[in-house]
Amino acid sequence: MKILLINPNLTQPMTDRVLEAAMAAARPGTVLEAVTGTFGPQVIGSRAEAALAAHSVLDLVAQHAAGCDAVVLAVSLDSSAWACRELLSIPVVGMTEAALYTAALLAPRFGLLTYGQRLLPLYRELVEAAGLVGRLAAMGAVDVTPEETFDDPEHVLAAVEAEALRLVSQGAEAVVLAGAAMSAMAHRLQPRVPVPLLDGVACAVGLAETLAHQKWTRPRTGSVSGTGGRVVHGVSPALQNLFAQR
Amino acid sequence: MKILLINPNLTQPMTDRVLEAAMAAARPGTVLEAVTGTFGPQVIGSRAEAALAAHSVLDLVAQHAAGCDAVVLAVSLDSSAWACRELLSIPVVGMTEAALYTAALLAPRFGLLTYGQRLLPLYRELVEAAGLVGRLAAMGAVDVTPEETFDDPEHVLAAVEAEALRLVSQGAEAVVLAGAAMSAMAHRLQPRVPVPLLDGVACAVGLAETLAHQKWTRPRTGSVSGTGGRVVHGVSPALQNLFAQR
Amino acid sequence: MKILLINPNLTQPMTDRVLEAAMAAARPGTVLEAVTGTFGPQVIGSRAEAALAAHSVLDLVAQHAAGCDAVVLAVSLDSSAWACRELLSIPVVGMTEAALYTAALLAPRFGLLTYGQRLLPLYRELVEAAGLVGRLAAMGAVDVTPEETFDDPEHVLAAVEAEALRLVSQGAEAVVLAGAAMSAMAHRLQPRVPVPLLDGVACAVGLAETLAHQKWTRPRTGSVSGTGGRVVHGVSPALQNLFAQR
Amino acid sequence: MKILLINPNLTQPMTDRVLEAAMAAARPGTVLEAVTGTFGPQVIGSRAEAALAAHSVLDLVAQHAAGCDAVVLAVSLDSSAWACRELLSIPVVGMTEAALYTAALLAPRFGLLTYGQRLLPLYRELVEAAGLVGRLAAMGAVDVTPEETFDDPEHVLAAVEAEALRLVSQGAEAVVLAGAAMSAMAHRLQPRVPVPLLDGVACAVGLAETLAHQKWTRPRTGSVSGTGGRVVHGVSPALQNLFAQR
Amino acid sequence: MKILLINPNLTQPMTDRVLEAAMAAARPGTVLEAVTGTFGPQVIGSRAEAALAAHSVLDLVAQHAAGCDAVVLAVSLDSSAWACRELLSIPVVGMTEAALYTAALLAPRFGLLTYGQRLLPLYRELVEAAGLVGRLAAMGAVDVTPEETFDDPEHVLAAVEAEALRLVSQGAEAVVLAGAAMSAMAHRLQPRVPVPLLDGVACAVGLAETLAHQKWTRPRTGSVSGTGGRVVHGVSPALQNLFAQR
Amino acid sequence: MKILLINPNLTQPMTDRVLEAAMAAARPGTVLEAVTGTFGPQVIGSRAEAALAAHSVLDLVAQHAAGCDAVVLAVSLDSSAWACRELLSIPVVGMTEAALYTAALLAPRFGLLTYGQRLLPLYRELVEAAGLVGRLAAMGAVDVTPEETFDDPEHVLAAVEAEALRLVSQGAEAVVLAGAAMSAMAHRLQPRVPVPLLDGVACAVGLAETLAHQKWTRPRTGSVSGTGGRVVHGVSPALQNLFAQR
């Protein structure tokens, strides 16, 4: 089984980190291919950058999905997840939705923790769109830049731990670590926190393997059925072809 | 006062129609500039096309918003509305959100009517994101292509009337006509339907004029505050500049 | 265009203040008439007083709405807003609903701030009735009497600023200032608060102008359509006539 | 124990009918006093009439509540229920809220049935305000005037039965009969309908007796605590006194 | 009238305490029979113990409900309430749902207070299942074991008072004391807390008396109608008979 | 990897059918053990039978979970799922929750289809408890007994197809087939229905394999953490031991 990991921003080290997390989570026999965006934001830290990333995700699947059995969106806002499902006949799983549904199987109510206050409202919108806001106990952010975490100093870890414990005190019985940078921290942080810490990449790889194995029928009607035969302009030939396919 | 109307798809006749509706709705003294997308979908009829349109909207505001007092998104999925608010210091109003909030001032519960079953779930998601799903009485679609409506034959009108009356029978006390093509029908259809029919372009022009007149402060913190100084690649120089501005 | 401002309590200085705020917000050419209640509560600070004010609002529109193009309810509980819509053929806009829908166009999630803990639950009920509770980040009250604020001492301003900043820290990306007394503070407070502060009277005047300009059809069926020909007793002749009209 | 039944409209036969239903439901030893409005609407069939009734209810409790142990609002929109709780130190129960909470104890999901499409949205708002909209399976109306039902012809009964069965088919496991006129039909209709039919007056009398017996403490803080010492003008002396009391 | 009180755990002192509270709340002429579980958990402090208690409740009603007019579930998780309604033709009232609906008649928004953080999520699920989560202002727990409270030392009372006041400060206008152990504290605590403190057993006895008096029809269709003629194995003969009855 | 399938009712043919479906869905190398209840209901068709099944599930996991890597609850009401999570240190997945979360990854809105109107409200409660009611487009039931379906006549298939298509017409973009009997129909029915039909057993086996592979930490605090050292009486020694374990 081959899974495509999409990192729509332009940061290769982030792609490397995501691939490493995915490899640790994948089952034996799963092949992983990780690709990095070729245009759009250097990092995704705002709504406008996320809008560009949505295009970038489509471009990357157009270039690389052929021959794959599933796609994992290694972008914490799950950009273009439903759009990809329209265009592709293989399963597509976003890393944050994957963590949310996994959390829902482990804990009656859960929290979500990320780097940076600015994106918290966007994550809340993701939880609402997933339909799970009634099971969200609390959210929190640690104001660290993604870049700082590459060094992963102990004080970052301590700050995240403190925030995770605050979420637990507010009723979180599991905690989703949102953002590829934060996901990578799950293993080191878990011993310090008394509830499961969910890494989106690991969750998404697992669900993608499962959906690919189960081979659910693709909808032939409705808002995620294939469109086919659509004309788009000014985008890459690969993406034009993907829209044109029937 | 100058308002920029954004049509992110590539269909100039749709831009013309939207401009006509906007001029009919605008106050004396309001100047309108309507622009059409230069890349992306010919028409927006799917989630994937909407994802491209989100980029196209940003590109158009980057090219044309300078010197304007407000932006109206003449795209019925309100694509990139919040992203535009991040990037611009002038008010931005989507045509469907405008119709929804106007409906909320006229009727305790309202309906939404559009062309094509396929987009109904996306409109429902818009209503949910607006926070107004509790006031949505019913939704309906008439399966007519946007193109067919340019001729506006009587049988299209009759089909829309029938569906509007069905929504009324399910409790709609106003009806949002979603989609630029359908909005244009409001005036002809109104005499046949006993509740207000809301045209998104007219609603959006009115709200844009109002917000521009009121000059509310732009947020300096939070998820729609200006980012500033951001680096993006592979997009138009105008859009790169807009992201880079502080 | 002529807009009627209704202050259903008996406090003329409040009417004066509301009129001043409305004049500052109105467009050139808009004529404003502000009227004060002739019976009922001196000020509205409880549910029972609001119930009397609901009658007072109807009485005032019966006396003064003839010849007007729109009504603004300059009472922060939007008392009788839907009842007025039944009785009148012109648009009616409540000051708090106006601020809420304006906030919804400016910020993904917003807060609400008022004087006095006692009315907070009523404002929450207004937000719920508007359908926007999912977008309410936080609410807060500063325990100052409306009267005290007429002097507007610096310490009141400081207390309101502190509470506004608390709401921002809880996720509010705009703040509705509820209550005519507090609305008046928006201009002075805005420089100290990093998100838009929404004054209900200004919002309502803008929306009333817009709705009056757009001339939406009045519903001819449903719960806000005209009743007509109804008999009521023991109220003012003007109000009896309004109920009797067809 | 003495319970005051408030009918805020001016229709004495409705008061008589309500009193009869209340007497049938009351326990031995409960004394009932039923009073009729002295101003306001002849019947309550619109939002504006309900606004006047809210004042009328307060006036009636001011005139008659002294010496009573509880108040039942025999008005199907539960007008002024919370306002009465502010003003009085005895329990107050609205007939529709009583039926809703009773339904919630008998059936996982329930329906609501009334005369007249026009008021359906208002009943939905009552269910939402009660917090029970998640348990509402369906609503329906039979377009019969309250007056017609006084004769109670067989065809009215048949129409109501048909609508009740429709609600059952949509998942209602109990049905609230909303409106005093319809409540009176419960006994005759019950044998034809396979789920409990809830008469608001009977439910309210039972809950009022219970609350009066249990003597729960009245809140001394919050939005339903006594205000006391309030000045209101232009209303009956009894109501002025009630507002002035401490 | 005879009411059966069910304590499904094995703690006779808890049954005694519940009976005492019920007797204090019951009307003259109400006969109370309190029974204690014969298998299952010693005390119910977890989800798994609650699952066993659900069986225990059914067994106890099978043994003891004959000749009774109503059942009160004196178990704070209202275990098997709907299952009992299926099996029995008399009213069944859970102590926590009773307190919630009573609170809903006394206060616009209320809080819930219990011993032990662990069960808070389960109480939240009860409030959600009741449909009243929109009216829940806040929840809180005092970490005291039920056993400790039998001595009822002053410091327990002080801790509960402090938590109750915290809930009031967060908008609770009434407080449900959840759990039989905590309910018993209502009378002593009430003078210290400015909003009504609701004891579940008292509320349930009152509602059970009321429902039994009103003799609502039992549903003959739907998910709480009698099943009848069902075969179950390996449970007490009394319970087998109850399932087998038609 | 070894997965335990729990069928808490006493119908061995149902266990056999579930095992067959599970084997078809499992990955190579997964070992499946399916066990049948030893007491409680013959089939689960009511709330009271589900209450007994909750005990039966606990008894079966106590007897058989040792040495397993995950548990699948092959009972469509997911009875005791959270209780099992408290008691066990391995993942537990209910068949209906598994289908719901899988549906949420495949379709923006989905439907649920089962045999028998009676259980529809219980499935709705499951969807609400899962937090996904906002994504439920419609529900439906075909009134066929589980037994009849063992023969699987063509007319049953046709009835289910018709109901599935009705759900699609109401907006379902995937359909959960609830109940072990109906799940078995997925493969034969899929070619006739244009959206994915989700078989709960297959979904649950896939998620159980995934969770077992990922080895998420078990919560050490909160409402699903291990209780340990609890005393229960009158249940099987195996279950007593499971409660007593630390």
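Note that the chains take the letters A, B, C, D, E and F in the order they are written out, and that residue 1 is the start of every chain.
Here is the rule we go by: a residue touches a chain if its C-beta (ideal position, glycine included) is under 8 Å from a C-beta of that chain, and two chains touch if they have at least 3 such contacts.
These numbers were taken from a predicted model, which means no experiment stands behind them.
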item	value
Furthest chain, CA centroid comparison against chain F	C
Chain separated most widely from chain A, comparing mean CA positions	D
Same-residue or different-residue interface between chain A and chain B, half as cut-off	same
Between the pairs D-F and D-E, the one where more C-beta pairs touch	D-E
Distance between the centres, which are taken as Cα means, of chain E and chain B, whole angstrom	52
Centre distance in Å when chain A and chain E are each reduced to the mean of their C-alpha atoms	43
For chain C paired with chain D, centre-to-centre distance based on mean C-alpha positions, whole Å	29
Contacts with two or more other chains, residues of chain C listed in rising order	82, 85, 108, 120-121, 125, 128, 133-134, 171, 173, 222-225
Inter-chain touch pairs (all)	A-B, A-C, A-E, A-F, B-C, B-D, B-F, C-D, C-E, D-E, D-F, E-F
Parts of chain B lying in touch with chain C, wherever the complex brings them together	25, 27, 82, 85, 91, 93, 97, 101-102, 104-108, 130-135, 168, 171, 173-174, 190, 194-198, 202-203, 206-207, 209-211, 213-214, 216-225
Sites on chain F touched by chain B in the complex	108-109, 134, 171, 173
Complex contacts: residues of chain D adjacent to chain C	10, 38-42, 45-52, 54-55, 57-58, 80, 82-87, 118-122, 125, 128-129, 222-225, 227, 230-235, 243
Partner chain A, residues of chain E touching it in the complex	120-121, 124-125, 128, 133
